[in-house]
Every structure is written in structure tokens, then in C-alpha cells.
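One structure is given below, encoded as C-alpha cells.
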């Protein structure tokens, strides 16, 4: 029978930095993969297949780098697969890896996602190799302006998200930015980058990698540490552009969440989900995704931020890891979200652990806010009882 | 068509910098000193060294071994006409060369002057750049040349003691690729209309949406749109949203000061043209609701040279930008959601 | 056969005519190929449960090139969709695995490559080890030539054998309306040409092709609604080897192909037709051996990769051609193969069978 249960038994990530001057590209992905193997109490030889995800190859200037990385990731004589779905790619890499187990194709799958942005320049790559690149911030700023206007949110919501995620990041030993002394004033006074987005409301550019090991039900039950169970996965896409498209509230974002909620039996996301890792590269995306993923009612997402509900000690913590605002190796950013959700339900998130987290969701999005990847993970196969 | 360009040359050039990590740094730093090294891992000496055993992915460790500078060619080929990316500008060979002291070959150039001099089993030796010119990259070895004395390399196979700290930890990797794309029929249609001072859209017969710019399809209905679907759209509209970009410097960046790009909802067309520049409003005063009209370059100064398949609605050098009409602003709320 | 819900078949295949240089964009090519295959199987696009494409930014010279290509799917309402930076045959593999999840019945896989934008003698230098190979301008022709020379030196083949592969594929291509390079050539005539990379001549190298292709897969009984004689995928696997050919034990054979073929069950019965993706003539000889094919198998009736070679599409076309041998041509058991990377680094093998 298809669709067998999938357990996450190994999670690893690098220390993310603006520039990981101490490692090669192979060294970077191996650092994450070796931590995941250690977590799973496995060795390279235990892995059946490797899935590699990353954003455009222009970032590092290596075409299809999975070819060069095959032996570095222990894939020799095994299947190796390469995913690229723009910003959502890290999430897709996790989902494609989990499907290789749920379909019964493989028993132990290693998904790795990375970006070594310091090798090149993200603005260059995002501009297609041309000048006057508006970058991701430039592309999303109009959407954010529109959201602020239609929701009536006060201007400090974005600043609050920027502070909250950085304080969470300060608790995460792997985070790139650890800004324990960040304040609303500091965010507010930081330079305007893409009006209305300020410097401290924007994600950094990081070198980093993330690795996740999936296994089947038996493997999950036999694991030495508590596993996370993949309860549902979804990838939804819509066109980046058509006349009248509303990129603030993408149809695909709704569809993606609805599919997950239906599969898991979630009828009241705000109540039933314990915490969420959402892809928030710019502060305002927290309330925007809370609404587009139907966790908050339309126009109400910012109130969750404002009330402190999304803080680590709130009733719906968001981006416990510090999120994309604290670490952004683009290709890995999605898998980092997915991995943090799994860490939470495994109870292994240490200083950024949400107490009693049994059901978590993670999301990543890409391109013109048009590609969405999401999964729900649980501490058991039926966390809602 | 004389006034639109059929082919576009695009040079993808970028100075990448690669950090090396400890194994490659050790190799690079030794090479810059004139010593080629390998690493003993899994019972064999791999040269140049990899940081992992390719068979098992285990860490290779630091059992460094001196190899070369002489070696034996096992397999070879010949490059009669080098490209701009090859290190030599005259005909040369590529070969698998097993350096003395190594168990696996390395790929490198062999400069023999003639193809007929190439042979499996030939003894060659590394010809290095002058010490001052070495950067620790694999092309510090200019090429291998036939060995004057075929006897074994001195010291090959002996341990190499790496310094406490490597002096080379990075390498430059200059990307220099040329692309030649040709204008698609849709791009030509768009460019031709612009040259005539017309902005065109294509109206989807299925969903009635108008798409401005050279796309050639409706992304909602997945149907092809061609010349028969052309509609003319007005060169007037209202700024519906905008982005102000503080440029970050990168190689190839053409902007230094903050610049604005606006979405304009075209009058009566229910279509938005994106990423446009407003000429007579300072960046700090750009706002939603301004009435604007297109500013064409004088006919004799128009050029479609920049309108390629990736411009997706750019006006190239034909649309200079947009200017205010002087009409009172529209309420922002009515337009703000029309980013597209 | 009475399919189970885990049996998955190719039920439709469309390819566009290969061109040395198209004036269309990749998005245009995706639109045309997908519309054609959708029309062929007679479904509405809304019936497709998953869509996945394979393409490559570096080929077209544009970052995020696949994003624009997705305009061709008409993703309103939103669809299940993904992309691989691999040949469309690997996209097909992802579609196959996605169908195994059991929640959808129909999937579409697409491959597209506008190869003419770039120069194959320089482009692939950036696909190789960035520290040891790229700085030397190591090109894909050179690595293939080194492998060809090793094959000759091993005594397994001669330059004449290479030319015979070329002559046969080009002759086969004459009856393939989707061949770019075809015709009757004598082996002696071919051997008279100059080397591009000794021992390889121009005709031993793949042509440069712009092309797109799409297949539709269906699960279980649904396959019969879309196709009279579905090409059931009875085995599929892919494997990769160490990147540097210099650390592989023997480049005159393809370990990854052999492993993939074993896992796909190639040897469980006779293969009527094999569509092999050998970008370089001599690689067909290595692949035949590693796939375990004997003289009873007809190889590359389409003319194979030497007749048209759109990187990112060529592998999916092998799948489509091998499927069509079952769907349209009455064959019972066929094989499709695709490769990627230097000296056959990565290989996918797919075995398909028709109802008997």
C-alpha cells in the first residue's frame, strides 16, 4: 500500500554565517549532513538515496552542483536527485525526500539543501546577471505596502516581528544573526532599504546548509531519539503574474494550507497547531502568511503579532528558530523551517523549544510569492488524538 | 525587420570567490610553494586531494603525501582549437596523469607542441608558473611537458608536513560565458510596436484579461496569444504601487542612488505595466495615485537593442519613462491592490 | 494486466520538432508541448494532479528560467507543481513517485532545453569540479574523449566501431520525423573527418538542439481511460558515481548504469527496444554492455541522442519513444535510459511493458 508513515530521525544544520570562510561547498553540505547522521545514529553507508536542493546555480556559479557533490554526500552508487523550486526549494527538498519513503521506494533518505551565497552575489543572481536588480525586497515591497493599507496594521508590526525573530535567533546556536540587544528603536532607525522595508526588517545573506534524514515506520520506532512524524505535505503553485492577481493573498497559499489541514484533520489551526515556522524573509510576511494560511482571519494576522501570540512564549509561536530573518542561506532556508518544526515536535529545540509542541507546521515560498511548500509534523502519527 | 534586433548577445561574467576549506587550502598553499600533494585515504593516495573518500564519504584526514612533479600519462586527448576558457592559446593535450607517489590520476594539460607526441605511458613533468605568479590554484601548473629525465620524482610518496596555518584559503573563479539568444516573435512584436510609439497588450479570448508586454500566452488559461490578440493600450495611467530600491553594490550593478520602479494601471485597459520609472517626481515623493503618461524617445533616437526575451515589458531605450499629467491624484486605496 | 493502484503507466507523449535554433522561448516550447500531450490523451488540464518540469538555468543563461516556464501551465486555480534542475526524465521519476502517494491519478512531466543560447564547448566547464576542473577550462568534449581513448586502449572498441554507431543512428533517424541529424553515411566517409578531440570527430559529438517534450502518466485503471495500451513502468531506478572520472575505478564501463538496470529489472525478460541516451557515439557501446542488452534488442530506432540532443529534454524523449513502442508499435517490453554529468556519471533506467 502506498503512503506509508514517514519518520524524521536525523536533523543537522551548519552554523550559518555571512561567509563560511572555513569550508568549501562540499565542506558546508557535509557539516550539515554529518550532524544529521550523528543525530540519527547513522553512517553514510546507512543512507539509500540523497536529495539535494538549492536555489539558482548562479548563486555559486556552479551548474548542477549536485554532480560535483555526489561523492561528498555519500551518494556514490546510489540515486541522487536535485530539486529547484526557487525560494520554496528547501521545503520541496524535504517533501520530495519524504515521498521517497512514503512511496516505499527507499527506507532511509537524506535530504540536503544549501546555499553558499558568499561565493557570489545574490542581487546579481536575482537580477539575472544584470545591473539594476531590484532584488527580492524590491519585488515584495509593493505587496507589503498593499497589505499594510488593506489590513490597517500600525507601522510598528513589522518592527515587532523583526525584534521577535532576532531574539529567537539569539537563542539558536546555529543562527547567523544573534542580535540579543535588538530593540524596536533600532529597527525603526535602521536604513530604509525597499520602502517600507528597513534594513533590520530584511533577511541577511548567509552561507549555510541543512540536512534531514527520513525513514519508515519501523525505523522511526527504533530510533534512539524521539522521531518527528510527517503528517502531510503539499506543494502548490500559481502564476507569478496575471491581470488582477492578488500576490498579497495568493490563492496557492490558501490551497496549500487547506490541503495540509484537511489531511491532518485540523479544523482550527490557531488552536490545534502548537507552533509554526513560516518563511518570513521580510518582517511583514509574518502577518501576511498567518492570514493567507488561514491561521488568522483576513486583516487579523497583525493582531497576533501585536498581542505577542507569535512570540516564543505566546499561544501560537512563529519562527522559534529565528526564522529567515536570522539566517538566510536561500536554498536551505525552506528546509531549515521544515527541520525546526520537526525539532520542536521531537522536543529537541533546546533554548527555543516550545513546551509541549506536538503538532507543528512549516512553510516556504518562492519566486513572485507564487510557489508554496508546506508540511505538518507531529510527535506521534495522530497528535490530535 | 530592420528596426528590431533579432539576436542578443549576453555575457554572463562574474568574479566568484571560493573559500577552500582545510583540505583544498593545504593543497593550494603547498602548490603555491611549488609542492604538489595528495592525501592517503582508504588505502590509496588521491592527488589532488579530496576532503572525503569518494567511495565512502568518510573524511579523508590529513595524511598528506608529496606527489610528482613527474608522472605518467594514462589517457589523453588533443584540443586543436582552444576556447577562451582554456589556459593555453595554442593546441595542447588534456590527459589523465598519475603523479609519482599517487594512486589516482589527475586531469591536466599536456603541452607537447604536437598531437603526434602524445602517448599513453609517456613521462611528463609539471611546469609551474613563476613563484610570484602563483595563487595556489590548479592552473598554477601551466601544463605538464615531456619529462627531460623519465626517472622517478625525488621525494614522491614521502609524507608532507602541512604548516600550522595555510596561507591560501580562497580562490578566484571568474565566470565568463557568452549567450546568444534570438528575439521571439512576441518580443519582436512588442519591440516593433514600441518603435512605432505604441504600447500593446494581448487580450486573452478565453478570460478577457489583457497582458501588457511580450509574453505570448495567457498564464491563467495556458493558451498561446499571437498577433491576432493584440490590443493597443493607452500610454496613460495611474501609479498603483511602487518600490524604492537602495542599490547594493555588486559587479555589474549600474545604479548607485536609490531608484523607484512603479506599477502603472493603464487607463481603461484593466492592465498593469510594471517596473516603470517616473521622470519628474523625486524618488522621495513617489506615491500611489499619480496620473502619468508615457514619454517616448524622439523617433530618431529610439533603439530596440535592449528589448530581448527576458525584458518582459521593458521599454528599453524607446520608453524614456513616464511623467505626471498634472491631474489631481486618485485615492491611493482604489489602486494600491493593483500590483498586477 | 489488471493494474493495481501502484501500477503507473506512460499514457501520452508529445515532443516538438527539434531545431538547431528556435526563435521561441522556453516558455513557448513548454506551452506547445504540454498542450499537445494534454490534447492527445483527451483530458482537461484540471485533471492533472501533479506537474513537474526539468530545465536548467545555465543552459538558457537566465536565473529562475523555470519560473517563467510555469506560465504555460495555467495554474489558476493553484496546482501541485515542482521542478528539477535535471533532465525531464528525472521530472518523470518525481511524477512517478508522486503518483505512488496514492492521492492523485494523473501527472505530467516536462523537459525543456533551449540549448542554442549557449556554447557547449564552454558552457559545461561550470558543471565540473569547481576547484580542480573548471579553472582548466575542462570541457565536456575533452572528458568524453578521454573516456573514448580509455575504451580504445582497453581493446573493447575501435574508432570504426564509433563511426558504425553514428552511421546506424543517423540511418535510423531517417524514419523519425523528430530527428535533426539523419541520413546515409558510410563509415569510411565518417572516419575521414578531422578530430575535434582525438579520438572523437564532430559526428561522435551530440548535436545542439532546442526542444521540449512532455509525457502524461496515469495510475492504476485510470490509465485505460487515457490510452488503449498503456506503457506500464515495471522498473525504474537511477544511480550516480563519483564526480571525478579520475577517481572512478574503470571508466570503460558504467557501474551506475549496471546498478540502475539491475534495480529496474532489465534482465527479468527480453527487451524488444531500448532507447539509450548516449550523448557521444562510443558511450552507446559502454551503455549496451552495462545495461546487459544482447543482440536481440533493437537499439535507438529513433536515431537516439545523436539525432537530436536537447539537454534537459533528450532523456524524457527516450522515455517517450520507448513508451510509444508499446503504445503505438505493439512492442511488449522496452527500455529508456538517460545520462548526466561527465563520463556517464549519472544514469536512469526505466523499463516499460505493455499488456499482452
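Order as written gives the chain letters A, B and C; numbering starts at 1 within each chain.
By definition in this document, contacts are C-beta pairs under 8 Å (C-beta built on N, C-alpha and C of every residue); 3 or more make two chains touch, one makes a residue touch a chain.
A quick note: this is a predicted structure, and the numbers were derived from the prediction, not measured.
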Contact graph of the chains (line, ring, star, complete, other): complete
By C-alpha centres, the chain nearest the middle of everything shown is B
Note: chain B sits from chain A at a C-alpha centroid distance in Å of 26
Chain A and chain C have mean C-alpha positions lying a whole-number Å distance apart equal to 33
Taking each chain's centre as the mean of its CA atoms, chain B sits from chain C at a distance in Å of 26
Two or more other chains are touched by the chain A residues 24-25, 58, 60-61, 71, 76, 128-129, 239-242
So chain B residues touching two or more other chains come to 10, 12, 18, 20, 24, 50, 54-55, 173, 175, 218-220, 310
Touching two or more other chains in chain C are residues 58, 61-62, 68, 71, 73-76, 123, 126, 130-131, 134, 242-244, 247
Note: in the complex, chain C contacts chain B through residues 21, 23-25, 27-28, 31-32, 34-35, 45, 58, 60-62, 68, 71-76, 116-119, 121-123, 125-126, 130-139, 142-143, 145-146, 148-150, 153, 194-200, 242-247
The chain A residues in contact with chain B across the complex are 19-27, 30, 44-45, 58, 60-61, 71-74, 76, 116, 118-121, 123-124, 128-135, 137-139, 141-143, 145-146, 149-150, 191-195, 239-248
Listed in rising order, chain B residues that touch chain A in their complex are 10, 12, 14, 16-24, 50-52, 54-58, 169-170, 173, 175, 209-211, 218-220, 241-248, 250-255, 259, 261, 263, 270-272, 274-275, 288, 310, 332-333, 336-340
Contacts from chain B onto chain C in the complex sit at residues 10, 12, 18, 20, 24, 46, 48, 50, 54-55, 74-80, 82-87, 94-96, 104-109, 115, 118, 120, 137-139, 171, 173, 175, 177-186, 215-224, 309-310, 312
Residue set of chain A touching chain C in the complex reads 1-3, 24-25, 56-58, 60-65, 67-71, 75-86, 92, 96, 99-100, 102-105, 125-126, 128-129, 234-242, 250-252, 255-256, 367-368, 370-372
